[in-house]
Amino acid sequence: MDKQPPTYRDPMSRLAVRQLLWLGALSLAGFVALMGALAWASSITGGSAISGRAVDYETKTITRALAQEPPQLDSTRATDQVSIFVLGHIMEGLLRYDASNRLVSGVAERWDIRPDGATFWLRDDARWSDGRPVTAHDFVFAWRKIVDPANASEYAFILYYVKNGEAINGGQMAPEALGVTAVDDRTLEVEFERPVGFFDKLVAFAVYLPVREDFYDSRDGRYGADVEDLVYNGPFMMTRWVHGAHLRLEKNPQYWNRNAVQLNVIDMPYVTSDTAAVVNLFKDGSIASATLGAEQLDDAMKLRWKLGRYSDGSVFYIDFNFRQERLTSNFHLRRALQLVNDSGELVNKVIGLPGYLPAVSLFPIWLNGVEGPFRQEYPPPVVTPDLALARQHLERAKQELGVTEIPPLVLLTGDAPIANKQAEYFQNLFQRTLELEIRIDKQIFKQRLEKMTSGDFDMVAAGWGPDFADPLTYGDLYASWNGNNRGKYNNPELDEQVRIAQNALDQQTRMDAFGEIQRILIEDAVQLPNYERGLVYVEDPRLKGVVHRSVGTDPDYSTAYLVENP
Amino acid sequence: MNVAVRFSPADFAPVVAEQQLQSISRPSLSYWQDSWRRLRQNRRTFASLWAVVTLGVLTVAGPWVWRVDPAVQDIDQISQAPAWPSSALIVPSYTPWVAVTAMPTRQGDAVTNLRLAESASTQAVRLVWEPVVGAAGYVVYRSVYNPAPDRALGLPIGEVLGADQVSFEDRLGLEPRRYWYSVVVTDENRAEQEAYAVLVIDAVRTVSAEDAELRGWVEDASALAPGEQIGLPYHPLGTDYLGRDMLARLLYGARVSLFIGVVAPLLFVLVGVVWGSAAGFLGGRIDQLLMRVADFVIALPFLLFMILFKIAFGIGPGESGVFPMLVALVLLGWPSTARLVRGQILQVRQEGYIAASQLLGARTGYLVFRHMIPQTMGVILVTLTFAVPSAIFTEAFLSFIGMGVAPPTPSWGSMANEGIRTMLSHPHELLFPALIISVTVLAFNLLGDGLRDALDVRMRGRE
Amino acid sequence: MLTYTLKRVLQGIVTVWFIATATFVAMHAVPGDPLANQRATNEQIRLNLEQRYGLDRPVSEQYLVFLGGILRGDFGISFTQENRRVNDIIRENFPVSATLGILAVAFAALGGILLGALTALFRDRVPDLAIMFLVILAISVPSFVVAAFSQLMLVDINAYLGFSLLPVAGWGTLRHMIVPSMVLGLGTMAYLTRLMRSSMLEITSADFIRTARAKGLPPARIFLKHQLRNAVLPVVTVLGPAIAAITTGGFVVELVFAIPGLGRYFVEAVQQLDYTVIMGTTVFYGAFLVSMVIVVDLLYGWIDPRVRLE
Amino acid sequence: MIPAGDAPVLHVKDLCVEFDTHGGVVRAVRGVSFSVRPGKTLAIVGESGCGKSVSVQSIMGLTPIPPGRITRGSAWLDGIDIVRQKIVNGEDVRGNRIGMIFQDPMSALNPTMRVGDQIAETLQVHRGMSKRDAFARAVEVLALVNIPDADARARQYPLAFSGGMLQRAMIAMAIACEPDVLIADEPTTALDVTIQAQILELLKELQRKNGMAIVLITHDLGVVARMADDVVVMYAGEIVESGTVDDVFYRAAHPYTVGLKAAMPSRDTSKAVSLLPIEGAPPDLFRAPEGCGYAERCSHAMALCGPHRPQRFEVDPGHHAMCWLHHGDAPQRVDAVYRGGRT
């Protein structure tokens, strides 16, 4: 039999494939129908249409992404950067920063700051988005709310400068006792707890924003939770808030300075913390700005993007645990670690992102001193890496501690990628140079905080972002009474300088005190500065006038505008 | 009747029926022999078996063969793609550079005479230029591409404030390659001028003798004179984001990933077998109780509880976090095996041959080992094989959301997770771990397929 | 049928209780302080917060309050989004996850069945080998790699075409759903393809297929009416667990494609130790999965007459 | 041979089927020829594995290819070789001109389809009936095979049927198109004895009504005696004896047939005849024997039986046997030894 025997398979499969194609087409149709139905259903439940383009010159619209969802937009409880960014656009405090980072008039038309208090005269054309005037009572209500312990505001401490603020927050006094009064609708009178030379900078901070009492009460505890649970007095107002998905700001027609606002819409239909996704969106022309990570720089150069950089104001460092039972309470051990620490190597080789600066002090480079930059007026003592000297200090540390070998040290760190990188780098650095064994203790945020508070660490990778543009935002971190001094550093000499800095009115005196604090921190090896964080960003060339700053609303679109052909 | 052949009478002599035993030309195969034969016959499966064996050997012996410490950070060769070995020029150790100032005398949009203060190396690139009157400061850009014609200046690597500041030192992640440096003048509002000055340089890879000693490349720094060349550590698969050897990390990572991938399934399958066979044998109330518990555990959303358990157990300082992951995997993984084994035991118990064996007086022990175990063994083995890839994936997934093993322990999942960030700029950091995960998962999957075909009793005799 | 359904529902309720208890126990075993904040606050505030969330009460009481809340369908107030109820978070974000999940399951099931049938038809020939190769690829590449790659490819495709074929990320319209749901469903589709293939091959040699052929039915009819339908059954049984895996495994896709689903909330809540959100989402997901499994089982009974009679 | 005018409806010639297995090639069917006349029943008898089912299944195109392979032979139905024409006209033949029923009715019906639909399907395909008409006809056919309450039963799934009922349904399915030939592959093996009788009776009755030819495959000689007009005895893939039922039963011409008969329990219990098993087992078809496959088990084997394949001897008109005992030179003739052995 030379002929191939017949098989049933060929016609079978041919016919079946045809059938299968039919089925495939049918199921595809079904799939599309299902998608359509779901899209329709989700549009009912509040889904959102996305304009899709980065910049629309005709409608003066820009689209951007948000790193995360604001937990809420109740200014008395806001703590995170995203909330502060949004609040900076939809609300306005007494004062605000202009495009050149100068303090200018906001709701307050004029102001007067004295050693014992301050007076703010409110402009009469400041309006809420429902047309009602912004009054001094709105500020009184908001500030009382912040120090009211029932409100549990994390930022209450920032109002401790106002008379009785701390006592109220500690539950010893009623909120009504707060030293702030509305003399009339247009005049706000503030009494200080102690002299404060930078109160004007404080009132520009998001926590000092006004909240309207009648509206707050009408929301039944949901103030700031949703788009209808807010009333706005800033250059923009929120017109859409799909949680976790979409925020849309539109120009506030009631804003007193509406003519200066050029953008009509800031649309934020993407919420993701994934930098790669954000860069992809920018690349795709869907959003008008993106922040780059080190890993995207090559691509950015290849695509010939015009990049910008700025410092976001925060400083990162390694804190030591000064509790008696901890080895790190020994000066020589800390000094040895300080002498092998090379923040230049960390930033230049490991982090490799242009915005970052090697930190040499707790006080970042952008802070201003008496007249010029603080760090130019008070250059920090230089610590040059010196391995031989470091080993000497290590030997002395061993003698003083009475050990032949330093037991493993615990380095507590967070779970962010860069924190890992940093911890691994330090582990290897201290091993390589001083033959110290470092154990990395990587914890999620809240677990790390608990370990920090309870002192369960030797070293911890920490950082601090500024709340206001005065060195004091950093200066009191190591005061023995400060709750944020989680390593429990206790140095009367430093405490004394902090007191001076807090209470003095004279700028020179205060800055001298900060200079002293800076010296103590370095000479006593209280912490190891790592880097000042910076950001590299790319913006759509048609978008101009966006302000990036270290303190306050960042980025700020209230002065931004569009050009048709860049 | 055609009678083509003629026969002799002898042909018709009766043969004594000697009842010869039937000779069977087909070899008789035991269950395991037959399974092994099927396994070998399936080339894909056999190849994957080899792959699994190779992986095992690599895991155990790899670190002895490639004797590079996976923790050593070669800071000079960060995120290096696989390449031939390279060398560096010995230079004096780095000394900080004092900024240069000059009084501006010249008007203009851009700085002039942009030049190198000293030869460009990977240690530092030092630029100086002639200042411009009225400048508030200068911004320095660096690119690996020519900024002309569309003024794509590249990375803004630094800014100096003050018209008289005319120098800049760049140390940011320098590699031995060509760079275009541009300097732009800024005004008081920190707005940049359109014009720019550009300088092309080629950076040379250098290292100081002291650094070479510190990194253990040479015994004694003084043996190296500036101008000499020194060979750098070789990384066949490149390095990661901290300059650690990828090959060494992959090999050590195999220990973690395969440990989790193999031990966790082994453990939970063991628990499942004990649990399931207890339920199957004991029956009745106990069976009900045991299986109800299994049902509950199986209903837990796996990944959610994986994460919950992971944070509930916590990872102490210096711990790798492998153990909590193992415990979590075992806690959540056993019920499916238990169900399967119980089902098998119940099924086997009903089979005729068990009853037959019992009738013939077989003891329980004999029943279990001769009949029940071989019958369930196949299913268990297959479950085990398929559990390995899913455990490896779970590890990778947890690493992706930042809940994996703690640094600096390398695992394939955490390496892939790190690599995915640098996917565009340094693809090798993702490629190698992802590839080895894929190969492992693939090998175990194919092996599982093959095993199932080979061990499935129903498949016997069917081809 | 009714009693069976009732029994299953009752069992489901007990299972949900078990999930709730397990979650509660796990949550309270977690080290760390959910009320800790970056900036230190004073004792009074802490007491107030503990009171607000009932953390000042004994654990047994907290447990009862928690169970009571579940019975009333109230999971409490979020720790991090202090003005929002967990119910609101679920109500707003679960539909997104569910939409994504349904599409992914639909994609996986349809694709898996079709491709599986194809491979079985072309056993050991080019289409079979090609599909199985892709299937193996899909099974062996981690989902986060697939997600990241598909996004990158989308960027390149859009750039190449010069217009936005499909959006790179985000949520809201039909076009946003396509790629994420495909990425999410890919692994399951590959798994179902393999299952379908082996199930098809098994059915090919079944007696009733021989009968159908002896009856002289056209191959297409045999394929459709006899082979496909019976081969699909085992696929349906794994659909329940598949839905579970897909809906809870959506974190990666939600993160990469900036999709406001519940999975992302869960991961964020875990990192923030947001007790109420973690417990609420877990219990909700658990209940969802349990009901999904019940639904699939009932569905299976409807499809397969053998099960229906039992 | 076959009388003129009584032309066979199905005529199989020299059929050879092989299977590829891991052990080598199994030559399951080695040159089988038989024919069946309209209205008559041909029984194919033999031990398990002798190639009975494979023969008919390969005619029907039901042998899985590969590993199965028809290497030689033809099957003629109305002047068409259906082995070769399978692709083109297979559907017209199968289920339409030739119906087939199988051994295990439990697994031979699609469990997920209603019984009525499964019968109606055949009608829809071959008769082009509408679904409704076909279903109505299916109910009629079900009634025809003595299924009570056929209308309700047609709407049930196979699971609701007992084994006997399922086999009836199978038969209904096979005869729905009134085929010329009905192939029944061990139709009663899986059924218990009382049901067996009913099924056989049903087949006979249907044959009377429709005048179709039946090819009955069985290892049960009792069934053969009851049903068959002609008998073909197969052993190790070959037909060792063929003839009318009387020829084979009363004038068995092959030692194997004789052995089979001796192994068959007699219904006549008055005679206390002990059953005589055939010693040994059939040869392994991986290595098909050169000579007579039965030689090793045959108590009358001669020297030439081993090396030489027996010729096909016509013992009586239309009665053939493949055994050297019928050779002219053989010292003793098989009929002398065995004929009438049981009568």
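For clarity, chains are labelled A, B, C and D in written order, and residue numbers in each chain start from 1.
As a working rule, a residue touches a chain if its C-beta (ideal position, glycine included) is under 8 Å from a C-beta of that chain, and two chains touch if they have at least 3 such contacts.
Since the structure is predicted, the reported quantities are computational estimates derived from the model, not experimental observations.
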{"item": "Between the pairs C-D and B-C, the one where more C-beta pairs touch", "value": "B-C"}
{"item": "Chain occupying the most central position, where position means C-alpha average", "value": "C"}
{"item": "Gap in Å, rounded to a whole number, between the CA centres of chain D and chain C", "value": "54"}
{"item": "Chain centre separation in whole Å, for chain C relative to chain B (CA means)", "value": "26"}
{"item": "Chain centre separation (chain A, chain C; CA means) in Å", "value": "34"}
{"item": "Intercentroid distance (Cα basis), chain D paired with chain A, Å", "value": "87"}
{"item": "Shared interface positions of chain A, touching two or more other chains", "value": "8, 11, 276, 415, 443-444, 447"}
{"item": "Residues of chain D touching at least two other chains", "value": "61, 90"}
{"item": "Residue list for chain B, restricted to those that touch at least two other chains", "value": "311, 314, 402-403, 420, 423-424"}
{"item": "Footprint of chain A on chain B - complex, ascending", "value": "71-73, 75-76, 78, 96, 143-145, 150-159, 171-173, 189, 214-215, 241-242, 311, 314-318, 402-403, 406-408, 418, 420-426"}
{"item": "Chain A to chain B touching residues, read off their complex", "value": "99-100, 275-276, 293-302, 304-309, 344-345, 347-350, 352, 354, 384, 387, 408, 410-412, 415-417, 420-421, 423-425, 427-428, 431-433, 439-444, 447, 457, 536"}
{"item": "For the chain A and chain C complex, residues of the former touching the latter", "value": "8, 11-13, 15-20, 23-24, 27-28, 30-31, 34-36, 38-39, 41-42, 45-50, 52, 65, 68-69, 71-72, 74, 77, 79, 149-150, 152-157, 169-171, 221-225, 229, 242-246, 269-274, 276-277, 280-281, 283-286, 415, 443-447, 449-450, 453, 482-484, 486"}
{"item": "List of chain D residues in touch with chain C within their complex", "value": "57, 60-62, 64, 90-96, 99-100, 102, 104, 107-113, 121-122, 125-126, 157, 159-160, 170, 173-174"}
{"item": "Residue numbers on chain C that touch chain D, as the complex places them", "value": "205-208, 210-218, 221, 225-226, 229-230, 233, 303-306, 309"}
